[in-house]
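The first chain written gets the first letter, and so on, giving A, B and C; residue counts start at 1 in each chain.
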Amino acid sequence: MSDGSTTRPTGGDLHRLIADLYPICRSITGDGVGETLNRIGEIIPLDVHDVPSGTEVLDWTVPPEWNIREAWVRDASGKTVVDFRDSNLHVVGYSAPIERRVTREELVEHAHTLPDWPDRTPYRTSYYDETWGFCMPHRLLEGLSDPEYDVYIDSSLESGSLTYGECRLPGESDEVVLVSCHVCHPSLCNDNLSGIAVAAFLASELADRKKRYTYRFVFLPGTIGSITWLAQNAAEVHNIRHGFVLAGVGDAGRLNYKRSRQGRADIDRAVEHVLTHSGADYGIEDFSPYGYDERQYCSPGYDLPIGCLMRSPWGTYPEYHTSADDLDFVLPDRLADSLDTCLSVVDVLEGNGSYQNLSPQGEPQLGRRGLYDSIGGRVSPEDGLLAVLWVLNLSDGNHDLLAIAERAELRFDVVRRAADLLEENGLLEEVVSGAPRSHGAVS
Amino acid sequence: MSDGSTTRPTGGDLHRLIADLYPICRSITGDGVGETLNRIGEIIPLDVHDVPSGTEVLDWTVPPEWNIREAWVRDASGKTVVDFRDSNLHVVGYSAPIERRVTREELVEHAHTLPDWPDRTPYRTSYYDETWGFCMPHRLLEGLSDPEYDVYIDSSLESGSLTYGECRLPGESDEVVLVSCHVCHPSLCNDNLSGIAVAAFLASELADRKKRYTYRFVFLPGTIGSITWLAQNAAEVHNIRHGFVLAGVGDAGRLNYKRSRQGRADIDRAVEHVLTHSGADYGIEDFSPYGYDERQYCSPGYDLPIGCLMRSPWGTYPEYHTSADDLDFVLPDRLADSLDTCLSVVDVLEGNGSYQNLSPQGEPQLGRRGLYDSIGGRVSPEDGLLAVLWVLNLSDGNHDLLAIAERAELRFDVVRRAADLLEENGLLEEVVSGAPRSHGAVS
Amino acid sequence: MSDGSTTRPTGGDLHRLIADLYPICRSITGDGVGETLNRIGEIIPLDVHDVPSGTEVLDWTVPPEWNIREAWVRDASGKTVVDFRDSNLHVVGYSAPIERRVTREELVEHAHTLPDWPDRTPYRTSYYDETWGFCMPHRLLEGLSDPEYDVYIDSSLESGSLTYGECRLPGESDEVVLVSCHVCHPSLCNDNLSGIAVAAFLASELADRKKRYTYRFVFLPGTIGSITWLAQNAAEVHNIRHGFVLAGVGDAGRLNYKRSRQGRADIDRAVEHVLTHSGADYGIEDFSPYGYDERQYCSPGYDLPIGCLMRSPWGTYPEYHTSADDLDFVLPDRLADSLDTCLSVVDVLEGNGSYQNLSPQGEPQLGRRGLYDSIGGRVSPEDGLLAVLWVLNLSDGNHDLLAIAERAELRFDVVRRAADLLEENGLLEEVVSGAPRSHGAVS
């Protein structure tokens, strides 16, 4: 996809990337993240950054690096009843190494199950409390009746580094659109291989376009990763104009957008506009300081205009953080729909601007200029004419095109095309403020 | 009605004026407009202005003047099958002259019908594309089976003038209330002989009253007429404080008010207040840059506080722009109701003002001054006392009487009377800003 | 209750005070008010003020003092048919003295009854029109068939004074919370012995607490009393930061809060917050210039942030201003609920404040500081953590804790406790503006 071809990636392309990444054991540090980034780097140009353990980042410290090679539980007969090789979910993330015979009682204390979903293995971590543990189906745990078990975890928790990847796509301006996704979850597809896949293919799509904005795609471990990135990019954070977190964008649910802390930032308006005109059901929720990395980007010391695009919100579906969030749970057409939505949002961000009507007294004579029914394309003549009239009427320097589209209840691209036509006819002039806009260069 | 008598015009009076004007063939220029204005001039003092063809007005140019004397279609036997004398709707407005034998096919190409309403003749114009055409019932067109027809249009499209009328009623102040209606439609009653009639009789009603504002009633062709008027009154446009367009105010539908572009201008609040307290169903719609001459008045270079009062909105009823918009389609009592509404709106505009409570600490002792139950009239004692208390409470310079009526959910006249009583008792003083107000002089 | 004990008064305590005060004949002046204040003075420290008749207070004049010793109506046989000793409602308040034989017709002219409620005696006054009158059950009046009656009212209307009481509880700051209730009604329990009882026991509860604000509880005759108090406290009125009127807070109805004229003052937000989280039905109404003494406090020359807390609003229940507003009509548990609500409102006012997040870039690491699940008490761990995150996120100097509680939809005390924890951990600092806050000193 990075060869400049114009074929848009399919849902199948996205799903195949997810399938590639699914077996890798990821955590907030460790080799699995690097492996994941290498695979993404085959699709888009990616800079990989290693930040040493112990580095102070904002109020936090980069933790030791965790790696795991093998782990199992064996019963009295020596039979392996739980094996990390079957699923990396079986070991609690950041488990300390252990090699010991334990009583059934002690094993149960260190076992995590889901009694309501007895066939699913839960996903658990313990980043900042040193402990060990196994996750397994509740039904399996109930079947363990031996008095003692051998437990073995061959892991290491040592000074190393935290790894994240960034794909920077320069645009005409230094102003930045930030797209962020977390890469710290092991074999869970919706959360968040789906976000990784959509981000990667979105970057791939935008790579060769002429862009007004510079795009920065970051692939990083949740919380500590975004905190590290913010710390390391302190001098550039103020350039961020828009952004969104991608998380859980492959399941069958409707799209849900969580607004930035600002609430009515351009990104909030752009996503809401795109969803409003999508023809599909969707949800909008206000910002709250719980959730994904928007928590960090929207902390009061930054207050960045960054929202979060999801399908089913985290915690609202029973597959969440369990082995049921697998390759069947993410659907190619939903992945493609999420990517399309992101591209439409980018079109709005790229195409938005404020204009001045140069013939503001009365309506200019459209007929003389052939501006009736002239928008064409997928637009009805009525909508086309309405778009022309609305752009003329509201281009007083106080309304950007997105505001005009909102007020007129017309699709942004229709309004954008009307503005182009009026500009070509000398009836409209952009009010320059901030970044220059690349007219129609995107989409 | 212009002799100063106080008898309010009846719905019958309005309908009779419409009947007088109905047969006249009007267009955006031509003798029909002048004839129409002459008849209006019998009711109110009217200045008639002729603006030469070719005059540049804002972004437009005054077009050639169109006149028509005769037009018909005759079949092979010489029988007249379509005749302009039967209805001026039969000829497309601004049709070029023609005298020729045409094939049935060519006639059909130049014929306009309404297949869904086969007995109605549509109304069509072609101001800026030189062509010719006939409008007729679809049933009639279907019956034309001769291979050839003679078509004859004795029209002229020559340098002349655009004509409009204005009735200026001076008030105490130079600040203007503008009432505008279009006079360019031929034999169509609701659109817009109804607007013409209500405007004319509203002017007649206000002519001899003492008025705070100067009133300007303009009778002009749609679009090009208001553009011409704006161009010719450039030095005075800034005096316009309130205004409304009257269009389609005679049909059986409920009243609908379309807000000015400002949305919460005094005129918008005044009309909404009157409709809210009318006891009848009504509609309010936001401004859009489509519709009648409010499009021009509300273009961003003017942004005047001018809305549009209608009954059924244009395009929403099947009689719209057809021969079915006839004398039966406009109802005397609806015309009278529209006129009454306009008069109530004028009462609010004239009576509104901001006051200062001169005894603002605690309530003044109303009993000592006989101010309990003192409003009288149609008002209940409770409403009267409430009005007095609300006026005292909110007269802090930040609320005009209309805002107080809105907040108190009381009729404006009740609040106005309370303010008068309080002023007489030395408890209230007007906050002068802009035009002086003529206390209670209106209504 | 004034001995500093921490036992909260019960509904029974409140009802017993009402029962004590019920028999006393109160009016806007006269001995009954003094008697009432003496009884309240047994519960809380109370300064009693006498303002001489004839004193000019704002736009009003303190009226003569009215006292009554005896009053009756006797029939032709000398039998007493109406006796002031049975109920002080039987005589119209401010009745002039009379000792005369009158015809039945004259008696009927001076009799007040409720034909729809024939067994109830209405409550009537005539403060500013000198007259005399008797109130009685309609059924009793209908039974009076003698041609003549002896009427006797031994009252006096003489220069004296208007009496009100004030309990001032000093706090750390001179900023004042005003609690006001009217004491001018005779034997009516809900209106307003309930308000008197809740105010008295609220003061008693707050007396020995450490308080940020100074509290002023005023017990005064309606209208003329608050006007007199405002006039006499002109130099201190500007210190009032919050306040509420207590009236009709003992009946079975839900709590109703009427907003101050400002509408979104802290007191309005605090009461609405408490009611929202009360778990019970409640009502909120906008300010109107009709009602109790909030009319005076919210007149435009003061515009104080003072609302009114009621249960069933005045005039909406048939017992209102009749002999049926008796000791059975006010319920101990409703009185206690009203008092609890007032205390919760005080907790919000005392505990509110604006803070600055001292680690505003990204989230501070809560785990390191043991701030997960640390709020405890009645709060769920989820709510506790959410409160911590919300306080951190919105402590940017633009949101006080009440705003954070509103935005987070969490109880104020949970948010307050989160702020305390964060402050103890050096993550939060109060933004000082106005009065210092007494951390957690209340409740």
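Definition applied: a contact is a pair of C-beta atoms (placed from the backbone, for glycine too) under 8 Å apart; a residue touches a chain by one contact, two chains touch by 3 or more.
This structure is a prediction, so every number in the text was calculated from the model and none was measured.
Undergrad: As a multiple of 5 degrees, what angle does the CA superposition of chain B onto its copy chain C give?
TA: 120
Undergrad: Could you label the chain A-chain B interface same or different, taking same to mean over half of its residue numbers are used by both chains?
TA: different
Undergrad: When the centre of a chain is set as the mean of its C-alpha atoms, what distance in Å lies between chain A and chain B?
TA: 55
Undergrad: Can you list every residue of chain A that touches 2 or more other chains, as numbers and ranges?
TA: Correct list: empty.
Undergrad: What part of chain B is in contact with chain C in the complex they form?
TA: Checking each residue of chain B against chain C gives 357, 359-365, 367-368, 386, 389-390, 392-396, 408.
Undergrad: Over in the complex, which chain C residues touch chain B? Could you list them?
TA: Within the complex, chain C contacts chain B at residues 58-60, 128, 223, 226-227, 230-231, 261, 288-290, 295-296, 298-303.
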